[in-house]
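The letters A, B, C, D, E, F, G and H name the chains in turn, as written, and every chain counts its residues from 1.
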Amino acid sequence: MTGFVHDSERPARLGMPEAIFCGGKDDATIEAIVAELAQGDAPTLFTRLPAARLAALSASAQAALSHDASSATATLGGTLPARAGRVAVVTAGTSDLAVAHEALATLRFSGVEAEVIADVGVAGIHRLFARIDHIRSFDIVIVVAGWDAALASVMGGLVGQPVIAVPSSTGYGVAAGGMSALHSMLSSCGQGVLVTNIDNGFGAACGAIRMLNMTHRIAP
Amino acid sequence: MTGFVHDSERPARLGMPEAIFCGGKDDATIEAIVAELAQGDAPTLFTRLPAARLAALSASAQAALSHDASSATATLGGTLPARAGRVAVVTAGTSDLAVAHEALATLRFSGVEAEVIADVGVAGIHRLFARIDHIRSFDIVIVVAGWDAALASVMGGLVGQPVIAVPSSTGYGVAAGGMSALHSMLSSCGQGVLVTNIDNGFGAACGAIRMLNMTHRIAP
Amino acid sequence: MTGFVHDSERPARLGMPEAIFCGGKDDATIEAIVAELAQGDAPTLFTRLPAARLAALSASAQAALSHDASSATATLGGTLPARAGRVAVVTAGTSDLAVAHEALATLRFSGVEAEVIADVGVAGIHRLFARIDHIRSFDIVIVVAGWDAALASVMGGLVGQPVIAVPSSTGYGVAAGGMSALHSMLSSCGQGVLVTNIDNGFGAACGAIRMLNMTHRIAP
Amino acid sequence: MTGFVHDSERPARLGMPEAIFCGGKDDATIEAIVAELAQGDAPTLFTRLPAARLAALSASAQAALSHDASSATATLGGTLPARAGRVAVVTAGTSDLAVAHEALATLRFSGVEAEVIADVGVAGIHRLFARIDHIRSFDIVIVVAGWDAALASVMGGLVGQPVIAVPSSTGYGVAAGGMSALHSMLSSCGQGVLVTNIDNGFGAACGAIRMLNMTHRIAP
Amino acid sequence: MTGFVHDSERPARLGMPEAIFCGGKDDATIEAIVAELAQGDAPTLFTRLPAARLAALSASAQAALSHDASSATATLGGTLPARAGRVAVVTAGTSDLAVAHEALATLRFSGVEAEVIADVGVAGIHRLFARIDHIRSFDIVIVVAGWDAALASVMGGLVGQPVIAVPSSTGYGVAAGGMSALHSMLSSCGQGVLVTNIDNGFGAACGAIRMLNMTHRIAP
Amino acid sequence: MTGFVHDSERPARLGMPEAIFCGGKDDATIEAIVAELAQGDAPTLFTRLPAARLAALSASAQAALSHDASSATATLGGTLPARAGRVAVVTAGTSDLAVAHEALATLRFSGVEAEVIADVGVAGIHRLFARIDHIRSFDIVIVVAGWDAALASVMGGLVGQPVIAVPSSTGYGVAAGGMSALHSMLSSCGQGVLVTNIDNGFGAACGAIRMLNMTHRIAP
Amino acid sequence: MTGFVHDSERPARLGMPEAIFCGGKDDATIEAIVAELAQGDAPTLFTRLPAARLAALSASAQAALSHDASSATATLGGTLPARAGRVAVVTAGTSDLAVAHEALATLRFSGVEAEVIADVGVAGIHRLFARIDHIRSFDIVIVVAGWDAALASVMGGLVGQPVIAVPSSTGYGVAAGGMSALHSMLSSCGQGVLVTNIDNGFGAACGAIRMLNMTHRIAP
Amino acid sequence: MTGFVHDSERPARLGMPEAIFCGGKDDATIEAIVAELAQGDAPTLFTRLPAARLAALSASAQAALSHDASSATATLGGTLPARAGRVAVVTAGTSDLAVAHEALATLRFSGVEAEVIADVGVAGIHRLFARIDHIRSFDIVIVVAGWDAALASVMGGLVGQPVIAVPSSTGYGVAAGGMSALHSMLSSCGQGVLVTNIDNGFGAACGAIRMLNMTHRIAP
């Protein structure tokens, strides 16, 4: 008995994806959840499931899941229908890619078009300017950055779209664990930059989905 | 010489309001900025300008400003044109009203319809349920809460719209200064709850404005 | 020589269980304590003794202990006599089960009826309401939650019984290690919610036992 | 308009006192709440209302309130009926008395017999032993202590009743603000010592009331 | 007796200015130091001496000091001889000016040409680019910034000269006190950005002076 | 080349033991230091050298060292001459023994008589009182405790000799790493309790040796 | 009723001074304690009693107290008898003098000869070397320092006597409040440097007195 | 696709070395970067690449890199041309050597003459004085120290050249992770001591290179 209580009406009730966070769960619990969900047909996303943990599951569980190593996610029962809206996931460095891919996988699972634009940190700001027009073509911008996280502030001054800032835990010394990036993003001089927990690519994607949920309410 | 560099094209460039944060500026600097801006006609918002500080300005500066004591804001040159979208600003307690009013004033200055719904904290959750249908009628929900900030998480599970969480610095002991509320909101179990700095009602409103900036891009 | 000083009169003196915390002790020390206690007949609880550590003990020590893997506890010399009072151990998520089981095992060792009610976190608050009448049938409610720990506050507003809040160390980013949950619980808007150290299921159970110790003093 | 939403059914629903925390509210808000409540007859407790703030209220508000300076509390509409159970409020030093008096006032408002036993800190442990038999005559023990808060741990080993530990913000250096006392109490070696937020005498009393709420459920 | 021990050979020994930090000293101590130093002719800088504190000194002390209100500094005995090297002191906002002026005053006292370039924060990065060529004309760049301090990182990527980053304590919430800016600067992605204590404009200037001390050692 | 600079005159200059902290040094560095010191005859103490690290050294290095596993120390060249003074090393729990043994080994290496008195924590204060007369027979008392570290305060009130408090890193939750114990000891209500870094049994012993260095200066 | 419990046997029992910490006590409490103690003849020290607070007491209380403004202490009933031992109280800067004077006043009240040696911080280390022989003539060295507190470590390497390190709260930025100095002192490379709470000059003096209590036990 | 964007013009644009931080990158990313850069001839430095990680790369990647185990760095495409200026890298202990070697390797890669001077910590300050004349012969002094980091302050008072302070993460208890050393260095009483992130030997070297970039601008 896992104690797991499935919230299968979440997509209908909130317009949000049903997702299972595997981070604090042991193998037996994940195994049981996969078995239970595999009996239905509700598309479900599994996050924080790296390849090493997938390999510890049974063959039937592995068969039920469609796994993506770069984001440490898996889907079960396919994905949600395509919907309007395009999201850019921009990273300051290559070390931020794992978090960016979690956001990307969540968006794609949820039917939202998304693209990762990597390694445009402000230490060489010409790299950002070379791509800023492309970034402006998206409806929402997710910025993933560790260390000083200065990219979030600069981005906030360059685009008028929503900017969702995700601090990443890359870095050492005072930057270790992402607290420096988190505080920098919360203190951003860029107006209206909104922030998630450290490394929370999934949450950033969900924040973007909430925004897309809302657009149909407002006449253009 | 104040060193102040006006960014008068911000509204046109980003679709964001031009605003002056008075928090760290001395009276002479604010006086000079008001004098300079009063020569033009660009609508400008002044934040963190409580009545006591307003009273220290010259008569001409006071005349140029339209002040609102409950939010400690003032406007100069009128407000921005009305635009589509309605925002609910929900508070857990009456102590959160100052922060909520800063968000409200920023939204109204920016031409966005907004309403404060106060004192629906989860310690008596029936108070929230009595108002949840009204809250769901808005396009975006800003939640202001101090202490445990549990309202943000509960709200995240009750609505599918964007939820912008603003930790407030009300509270004492471990809640003093708002760090407890901030961390609770960043750790929210509600999917996609996005967070601002502590007491940052202005930033929450700007985050909402960015979302409204984006809606016209997406065909309904 | 382990330096261990047994407090065998604790049950008689305080009405509290005699327990050995294995967390900071090396294998030789635990081995010696088991050997010493096995010569008497006082029921003793061992906590923080996961299966891997049990396996490192001698065959005779393993034989003397009755081990429960889910709570990482063991008993020696049986359990204490049954006593009045029923305790609910409620968790926000499945990741909190290890801590909940430590509370459960401590209560059962101490002769108190207890039950775990899992995965009723507030992100989907209908799950909690579906079980709240059952929870209200208990005399004391222990709430185990990590992340934002909002369940403790909501529970405090829904029941009039004692609510003992146990922050769990599940979570990442600012929630890592349980400090976010701890501070949220200490800041709870629910009146009179009392808190233990992070992951301290044992302490929560002992707090409940102290309450049951007291009931016979008060005429109904 | 204060936004204040009165929870007048709290005593009936939860068996807990209705209380207004004045800490984060401005004078006008308190004034309005007093005026509203004075029209009914529900006994209500006001906390964190020092004499200086009371003096700022209108004559009619002052007349409606029965104020106690030592605890910075006031009552309106009398107190709740007497009920079974006696609570000791023990302090380590004289500097902890304000917090202890908040607990005392809350208990007495709620109809519970209570007594403050002051200045029995462990630096001169003979002072504690001289009073321990008297302390043991109570049903519940609230311990208020700042600095190292060692009294909570010692008390936990001397009595079998519930021990509710309230860290106080007395102290300087690393003890300033009460974090040292809080962490010491949460780390207590005394089994089942339960903890409130810093300086939260009100919360400790409410925790005790929850325990007394529960006693009638259990046959002696 | 002040206990003050004058280090009058510091300029000769280290090539550094002799300076008196007034922050933690009471009026009597400052008075005594001024009196003692006024008997000699060694140029001395007094820092953290705001106008209000100056006014508390005797007329003779005030006469001996040449005070600058914007930097809260004063000089006694004139300034040091002019020397080669030009330093830019760049600020992100107008709130950083007090710290920038402390650096400016220290440099000018030490005979170094310096200029403040204010309000070029990255939230409107076009303001920085409009001035970057002028900034590049200096030998050393001091960057003063609070909040996210992103300007330090961007500057580090735009110039090859020494960049000395001074976190300022402007800001609220997580930015309060300057810790967010400090950590952001220490984590800077800009190579070789060096950092001082929060608000330490004096220290930044001294760091620049050490660099100028060294240039004559190296053949061009 | 290790860069190691031996301070062979330390015993003569300060009356303190020469000691090598192995914690941050790699195997090659320790090997080289042992080889260099083995050529002389100065008694030297090696700390933080657990058995596993000893085993990684060469046979000749192992032969030169006299190792004690319980304290993770080793000596080379024998010990220092016996001297007057007796030190008690008292622990709150058995988990504190490793730190206590480091103090014990340092004292014995330095020629000072010492004894460990274990497991007298205040949760069962009768255990302490049973041994207090024996403890009072020593000249100096070192107290090692983790968690709430309440033993240090209680001891400070029971003896008039020097009390050196060593916080240990045993514990979990807020007690993890020893910060809770450290702050409790620094905040001790016991007059004149002096504190070392966390787990610093060596430093506590050195503090005691400095006291014994001083006694001969004072006529009895 | 103050709740104050006098520990009049402390000097006889422990050889330590009886002292009243006025920091957290209100005027009425101090007044009552002075009145009570003035009826006996036990010498008592009052600490943290600045001139401004003294002035708030009654004329009779002021008459009973012998006050020293520089240390914010007062004595009642004279001082304790002279005893053997000399203590140096060394400060890094003039800002540390208030803390040093508290140590000095406590020692002199307790009959111990003591002297303050001020402003020998290591930024100009020649100042320290000019006085080191004089410092070595004392039996115990108390070091008071804020900021980096480097003086404690340097002193630990220059003398073999006990070194008691008192972090002071002078400083700004990361040094504000004394945590930087505290951690530096706890991390001292000087062997056996023992530490008190921040600004605890009284505690340092008491630690020295405990050492002097012990010297008569050891034959020279 | 690594997302890596090469900044090949950095040396020409800024006069700074092109460097790849390997810390947060996985093996495949490093492999791809090496392959890409090996096709050109721009000298590039790889940092945080310990021998164990090098061994995981392909034979061709290993062949392209010139690795130095003591600094965990590698170079590709040779080094930059020799330039004027000499830098001393001074360490407090042998445990700081890894960080010192990272600075050394960066300087040598960049064509700057540099030398490590190890183990001159202030606990035995005669070791420092024995080498101070040699240290003064360099143009810039980098100080690497953990624990109390007192060496940085002492050095700041002994030389007039630039002092770049690098806190190292050696140490345990409050010194663990280097925060104690960082705060001590930022609080340094030595004028104009500039600080890098913890363990950032690379950043210290880059700071020195910026200084050398500037010297040619200033006529001697």
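Heads up, the rule we're going with is that a residue touches a chain if its C-beta (ideal position, glycine included) is under 8 Å from a C-beta of that chain, and two chains touch if they have at least 3 such contacts.
No experiment lies behind these values; they were computed from the predicted model shown.
Where touching is counted per the definition, the chains common to subunit G and subunit H are E, F. Using mean Cα coordinates as chain centres, the one most removed from subunit C is E. Taking the options B-E, D-F or B-D in turn, the interface that duplicates G-H in more than half of its contact pairs by residue number is D-F. Of all residue numbers seen at the subunit D-subunit G contact, under half occur in both copies; the interface is built from largely non-matching residues.
Remark: subunit C and subunit D have CA centroids separated by 26 Å (rounded to whole angstrom). We define each chain's centre as the mean of its Cα atoms; on that basis subunit A and subunit C are separated by 35 Å.
Per-chain CA centroids place subunit D at a distance of 50 Å from subunit E.
Chain centres here are Cα averages; for subunit C and subunit E they lie 56 Å apart.
Subunit D has residues 93, 124, 157, 171, 173-175, 179, 182, 186-187, 191, 197 in contact with two or more other chains.
Applying the touch definition to all chain combinations yields A-B, A-C, A-E, A-H, B-C, B-D, B-E, C-D, C-F, D-F, D-G, E-G, E-H, F-G, F-H, G-H. Those residues of subunit B lying in contact with subunit C across their complex are 92-93, 121-125, 147-150, 152-154, 156-158, 171, 173-175, 179-191. Residue ranges on subunit B touching subunit E, taken from their complex, read 2-5, 7, 10, 23-25, 29, 167, 169, 177-179, 182, 197-200.
Listing the residues of subunit C that touch subunit D in their complex gives 13-17, 19, 84-85, 139-140, 157, 159-164, 182, 186-187, 191-197, 202-220.
Considering their complex, residues 91, 93-95, 97, 116, 118-120, 124, 127, 146, 170-176 of subunit G touch subunit E.
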